[in-house]
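All remarks here apply to the structure that follows.
Naming follows writing order (A, B, C and D), and every chain is counted from residue 1.
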Amino acid sequence: MTLELTQCLIRTSEEPHDIADYQTGVPRWCVGCGDNAILTAMQRLCRDNDLAPERTLFMSGIGCSSRLPHYMNTYGFHGTHGRALPFAEGVKMSRPDLDVFVSTGDGDCLSIGAAHWIHALRYNMDLTVILHDNRIYGLTKKQASPTSPIGTKSNTTPKGSYLDALNPLTVSLGVSNVSFVAQVVDWIPEVVYQVISAGYKHKGLSFIRVLQRCPEFMPGYFDPWMSDPQKTQLLRHPAFITPSAEISRTYRNQLEHDPRDLDAARRIASIEDPIPVGILYQNDDVPCYEDTRHASEVRTPAQIRRGLEGELDKFTIWPEGDARA
Amino acid sequence: MTLELTQCLIRTSEEPHDIADYQTGVPRWCVGCGDNAILTAMQRLCRDNDLAPERTLFMSGIGCSSRLPHYMNTYGFHGTHGRALPFAEGVKMSRPDLDVFVSTGDGDCLSIGAAHWIHALRYNMDLTVILHDNRIYGLTKKQASPTSPIGTKSNTTPKGSYLDALNPLTVSLGVSNVSFVAQVVDWIPEVVYQVISAGYKHKGLSFIRVLQRCPEFMPGYFDPWMSDPQKTQLLRHPAFITPSAEISRTYRNQLEHDPRDLDAARRIASIEDPIPVGILYQNDDVPCYEDTRHASEVRTPAQIRRGLEGELDKFTIWPEGDARA
Amino acid sequence: MTDQLVREAPAPPKRVTRLAEQIVEIVSDSGEGAQRCGQSFGAIAARSGNGVWTVEIIPAEIQPPARSVAGASGNRIRFASHPVTNGGDDVDLVVAFNEQVLIGRVESGELKPGCTILLESMWRDDRDPLIAKSYADAVASFKEKGFRVLEIPMNKECLKLVPDPRRGKNMFVLGILLSIYSFDLELGREQVARTFGKKDQKIIQTNVTLLEAGYAWAEEHLDFKYEIPAVKATEAMAVMNGNTALALGVLASGMEICAMYPITPATSASHYLSEVFERVGGIVHQAEDEIAACAFAIGASYAGKCAVTITSGPGYSLKQEGIGLAVMAEIPLVVVNVQRGGPSTGQPTKPEQGDLLAAMFGSHGDAPKVVMATSGIEDCFYTMITARKIAETFNTVVVVLSDASLATAQQPFPRPKFSEEWLAPPIDQSEIPAGAKPYDWDPATGLVRRFIPGQPGGMHTVTGLAHDRLSHVAYDGASNEEGLRMRSLKLAALQRTLVTPPVYGAPEGELLVVGWGSTKGAIEEAVDRLRAEGQRVSSLHLQFIQPMPSGIGDIMKRFAKVMTVESNWSDRTDDALIDDENRRYSALAMLLRSRYLVDVDCWSEVRGRPIRPASVVSAMRRKLQEEVKR
Amino acid sequence: MTDQLVREAPAPPKRVTRLAEQIVEIVSDSGEGAQRCGQSFGAIAARSGNGVWTVEIIPAEIQPPARSVAGASGNRIRFASHPVTNGGDDVDLVVAFNEQVLIGRVESGELKPGCTILLESMWRDDRDPLIAKSYADAVASFKEKGFRVLEIPMNKECLKLVPDPRRGKNMFVLGILLSIYSFDLELGREQVARTFGKKDQKIIQTNVTLLEAGYAWAEEHLDFKYEIPAVKATEAMAVMNGNTALALGVLASGMEICAMYPITPATSASHYLSEVFERVGGIVHQAEDEIAACAFAIGASYAGKCAVTITSGPGYSLKQEGIGLAVMAEIPLVVVNVQRGGPSTGQPTKPEQGDLLAAMFGSHGDAPKVVMATSGIEDCFYTMITARKIAETFNTVVVVLSDASLATAQQPFPRPKFSEEWLAPPIDQSEIPAGAKPYDWDPATGLVRRFIPGQPGGMHTVTGLAHDRLSHVAYDGASNEEGLRMRSLKLAALQRTLVTPPVYGAPEGELLVVGWGSTKGAIEEAVDRLRAEGQRVSSLHLQFIQPMPSGIGDIMKRFAKVMTVESNWSDRTDDALIDDENRRYSALAMLLRSRYLVDVDCWSEVRGRPIRPASVVSAMRRKLQEEVKR
């Protein structure tokens, strides 16, 4: 959009970065919190793609999960509850040159932020969005979230929550312009990394739901799945991602699925058990809003002057004698 | 919830009502506005079910469509933009005995109100929700709405809108607890009436999208469909609704569809042309939030006293000598 | 007697009465073109060198029924031999396409006693007896009220030239007005050409013919003629409404992104911007709601140049939380609130100044921000440039308050001369010196250099949580207090740079009226009128309300009485229950009383229309008559 | 010298020092039970008849790392032979389970000079040399600072009785404290039984054993013993925190529906209500966001009894638009805002009084509503009953402001005696008399009878648009003005019924301090202290801020100086840039200045902790020393 932006396209340092370059602060999550696994995957992704820290931005709303940007030695934006996506859209519109990642919780994204979630999928801007889904409100100390399984005893639902859990995958797959939907579980780091990398490389909004452990408020909730690999179904496809050999040794329950098949994706998305893990849907042909919106005009003072004078002419009364009168 | 509420279950008048009993004011919609057809269907529905005007409530947000309550001689609630559903949920929770109808626009429901829409489907309270979908912002004089077809020239998109239209049906069908989803077109009044009646009789939230003409800002948009009956596909099923004989004479393009089949419903929902008209999905077994939440306790002063004293006991230090000390 | 006025015989040269100013209204059902007629007439008056102020008459509904009181659509044009700063008081002459649209104007007391009415006469013999009767009755009652009613066969005359007069009547009327006010018919022809510019010659020709026909008809049948002397402008003047000026100001300020959600009466600014912004590389984003629009603008500002979000009352309420974040994280942001009638949905198309306190105090916690108000059309343009500059210099939120009356009012002002100074500088992408902190507040001013993504070495995480100079989350009291202190100091720093606004009228006297925003023109005209009578009154108008420039207290001290005139609610002292201890004052009055401990009274009106000079005059008279408390 | 304190030899009878009051803190890593220990100790003190005020020490994070400065979790217990209304100043004696959690307390200056520290000594010889060292260093520095450090082998002692001391240490410490403060050990045993009530006997027994062990250990090894004389209560007293009191108040008010969205520090009220409300037929609805929660409550109120929505700052900002609708449509609603540090996300667990102006003015347009503040634990209970009554009598919104300091503080107060008066009457379902209008405002008071769905003949459509008495959308100015007038008049009507708050201290003097909300206890204690010195100071505390009761002006006139004490931001006059013309005053100060034109100064602190009596005392001293301007 602006001439001077081209500056930031020039790499400032030449030697590749290592993990430490992306780390800062001491994560303050509980022991065993799944957010740690996500943070690690993010740092690894930055390292492996040698992202320039100054042109990488981690954004979030409010919640335990939304603390993530504070632990990345990149630019970070810790916004307000539920609004991470519109903040990120604004950034991407003014600075398409930045790599933007968004961390949001199940309450942040699916409850207070639900409208923005639906519309972000429509805009399909080039963002990598991680839904840290621990199926509970963590930071505010245990209230039911939209994805809390029915019957979840929480501080606002002492007798157990009343509603079936919302399935963010089936909803996302119902939104026009959706271009990338995936699901992973925090306790299989390699797949988390594989899928997030695929999402990062995908041009468009990649919506990645990470089922994330919250030992503090959902202790043992994921144990049945962690203890029995059969309860996890890995999605594989030669053209997209295929689990590594040793992952396959543990996780034998695999399904050949073509992420380009929306109907199949919707069917798989509806499955709660076994947990489908991998890319459910990917469509590389959906245009990105920042591209369809982006002004072709190069923005210069001269250009602005031209534009302004041109408009003023329409409203001007010229003094007598003036040729334009 | 409250004893005295039983009062309102006693009918106050015995003679049946006629249409005029439900009419008030002069609708201020443009000539040929589809909202008129919806209003007529509503008044007919009240009449045919002989609803007591004082126990019937029409609610809405803000928009041309949201003016509907002003033209119903019942109780009405014309709320704020996008919030019709949460207002209605509150009403239904405190007054399950009232018949509550909600009118909302495509901007009101799908844009600013999107989060409430998703969650209202989850709560599945017994509400009849009409989405007046004219695929444009009417009241504010022509801006693109989420359902505006891509390329729609509007005041905020002079070069044409940038995004594919959002499909409210596919999204709704992705939400857990969804129990009734239908689509009709304002220019086939009989089917509008049939479907809205079915929605009214359905226990739970019935989400009915009415494709509604806006001659003022989307002139002629629906003409292709109005001029060619083949471009409308009526959904029929013996156990649910079947088009009348003379409707069938005009609208020959019909599809046998069982609204209990969610996968089929999702497939049909994705079809934009021909327009599927009828009940896409219906599930009578989804519990209503007001029922699962409703206190079994009969609420009386004595009951409140008991409850309060019982709680106070837990925090009380009794004076010396007091037996309870 | 009216009949004599419409003469049959050929016209002898008429006596032309010279007048200082006139207020003309043209009203019709919407779609009959009274709007266009009025705008053209205003433009012609302006071109002729008259001072002009036009006000749109907008029906509250999209498509009100024909011939309905509430359906009046049209224009008020106030033009004079001197510059005009507001819509004025009562109407001198009104043209109505049917009697119904006129009734509303009469009832709301818009017409001056004896006002001249040019009324389409076709209804008198309408096929529908009800219509014929209602017309006859109306005319009778108008005459009773003492108005000078001229029934004009517009339809009949136009039928001689076009098949469907509904589509041409407005130009016929324009011709009549040109004749009545002795404007140059040639200017009329040019104007028609301009208005239908894009359309083909035939259309232009038809309309010119109608124009000339109207002119000729008036010359022949009307026995009165006025002239409002004018001096042609010696410099280029721009004529536009406030929202257009505001949008052009955004463009001229160098801002690149406007995020909005439609809401009356703000949207037309975004409409215009949507048309022109892309040409200079800008973008208007219509978000899913106001919360998203505000967040989008903040995100854009954070990563690049200052962005703007435009809304009105209800939308502003929804942005309160987002605005708080921008204040807390010190991200520049311009928020425009084109005020309408409130509270809640209120009166969407009507002007009011009800959002000042919400703008200053509406976000929870201490969220100091700059609040400015635009007081005229030209001001709408330049305020946006100033707002952007302040937002980026102080890394804070600047709220600009306009309102529905400025949004649609038109007035000529000197055509802005573009200056590169107006533009935002390129965003800084240079390396951040080692050791520099993202919130290295200058302890004296609270000012700090903003780190923008892309700047090497500037990596940090902004947050809405209390934070220290490193932008690390702070749980301690000292950091919390330092942040609050620094963010508040910035307002004082700005305040020190503001100049005391000039007093309009003498520097001391009996009564000082203080105002803000769109009421400026009416207030100053009221001051002029009273001073002309020898009253010792003056006025003061504020552009900056937070922070407020110094010196206002000293000015107030030089007047025996001080009152504000505002278009928002203040309790009426004549209500039995209202006394000094419970009266709710107008917003600015409350602020002035608190800051200067001066007994500032207020007079306010919230009748959904711009405050008029005459109303201000009588309010000031009442205040002058009150004996001073002390 | 500390070593002598921990004696080896059997104990001779000790001298018991009598004291008027003590402040004790117990801090540990979260999960080590300092909270429970502190609460039990507070309860025992209360049972013994002492005046008590407990304050929770809460780490800002869910699970802070062990042995971390920011991780301190625990309790402050202030107990005295007289009633206690606040947390007081510095700590007399602190028990710490490790040296790190103590460091934070020391650094933020919580400890009194010479404060006694009872410190777990296990770390001295920790396997990890770093830990051992940091412990030794800390102890050394504590001693340097002049604190009286007693290293206590808590772990070692507990190990004799339980395998994992981490889970029992707190009861051992409770025993020690009972001994030190000469409390009846039996009361301790009862308390243990109460706390572990639901658990099985074995657990209770183990904890009793630990308690006794701690008691015995202290009796044997400590050579000091205190006693704070107490008079057992003669009436039943309830001990709970502010949020619990608030929730019980909701229940006792007869409200039936609470709609909320989780937010610290308000949520615990909803948590408690979620547990108990259903038993009396009530419902707590967790909505998808605050906007929905507010709308849900409004819908429930509109169709039935007044409902309540509970939130904190950020949530309040989001409710602004919904609140405006309730005001405009005149639907009763109670909104509770348990304030936290702001702006934006601010300091979620910390107290502040920053939302007063947002509560009064935050919604766009003129949206008059009632604003009340709770000033103590007991007050939290009764305020909810009053709020519900006012909301339904005046058909308006009542905002109740509490804050984080009241939310978690505990204090005994006379057990409420239930009265049916408290309850909402059954909703009216009777037929509406023909001709009655939904907005038949009483012209004098603005009051009107509300029509509730279900009432035959009452059919009408409420709207946020300007409307007339029939609730029909009104486009005219007169109706708009009438509505604004009537809605505002209701506040005056309520104001006329309010009684002037009592002056605390003498009715006239040198300095009057005015406050609102949670600062009451600290302010009045400061007044007591200064009066004890013979200073002519008094205080005034407001429960109603909008409308404000009459008579406050007269009271202020009787004092040479007036200042408010608030926990929100006010510019510091010692900042070079700050002067009378740009200083931003604390909220209440601004309101009082504006209403009474009195030069009300303010002193405020926003350090994320309750304001202390000592701080108020010194602020008042400074003010007393200032020479009067006039």
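Here is the rule we go by: contacts are C-beta pairs under 8 Å (C-beta built on N, C-alpha and C of every residue); 3 or more make two chains touch, one makes a residue touch a chain.
Nothing here was measured: the structure is a model prediction, and the numbers come from that model.
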Higher-contact pair (C-beta pairs counted), A-C versus A-D: A-C
Distance between the centres, which are taken as Cα means, of subunit C and subunit A, whole angstrom: 43
Inter-chain centre distance, subunit C versus subunit D - centres from mean C-alpha coordinates, in Å: 46
Distance between the centres, which are taken as Cα means, of subunit C and subunit B, whole angstrom: 39
Set of subunit D residues in contact with two or more other chains: 278, 288-289, 314, 321, 325, 344-345, 463-465
Shared-contact residues (touching 2 or more other chains) in subunit A: 62, 80, 111-112, 114-115, 118-119, 146, 293
Chain contact topology (line, ring, star, complete or other): complete
Residues on subunit B engaged by subunit C in the complex (per definition of touch): 26, 28-31, 62, 64, 80-82, 107, 111-112, 114, 137-141, 143-144, 146, 155-159, 216
Residues of subunit D that touch subunit B when the two form their complex: 43, 46-47, 232-240, 244, 248, 251-252, 254, 256-257, 259, 276, 278-283, 285, 287-289, 291-293, 295-305, 307, 321-322, 325, 412, 415-416, 418, 420, 423, 426-427, 429, 431, 453-465, 472-473
In the complex with subunit A, residue positions of subunit D that touch it: 61-65, 260-264, 267, 270-271, 274-275, 278, 284, 286, 288-290, 314, 344-345
Touching residues (chain side subunit A, partner subunit C) in the complex: 1-5, 7-8, 12-13, 25, 52-55, 57-59, 62, 69-70, 72-80, 83, 86-95, 97-98, 115-116, 118-119, 293-295, 297-299, 301, 303-312, 315-320, 322
Complex contacts: residues of subunit D adjacent to subunit C: 60, 70, 108, 313-314, 316-318, 320-321, 324-325, 327-329, 341-348, 350, 352, 354-355, 357-358, 360-368, 444-445, 463-466, 475-478, 480-481, 484-485, 488-489, 491-493, 495-496, 547-548, 550-553, 568-569, 571-572, 575-585, 590-591, 593-595, 597-599, 605-609
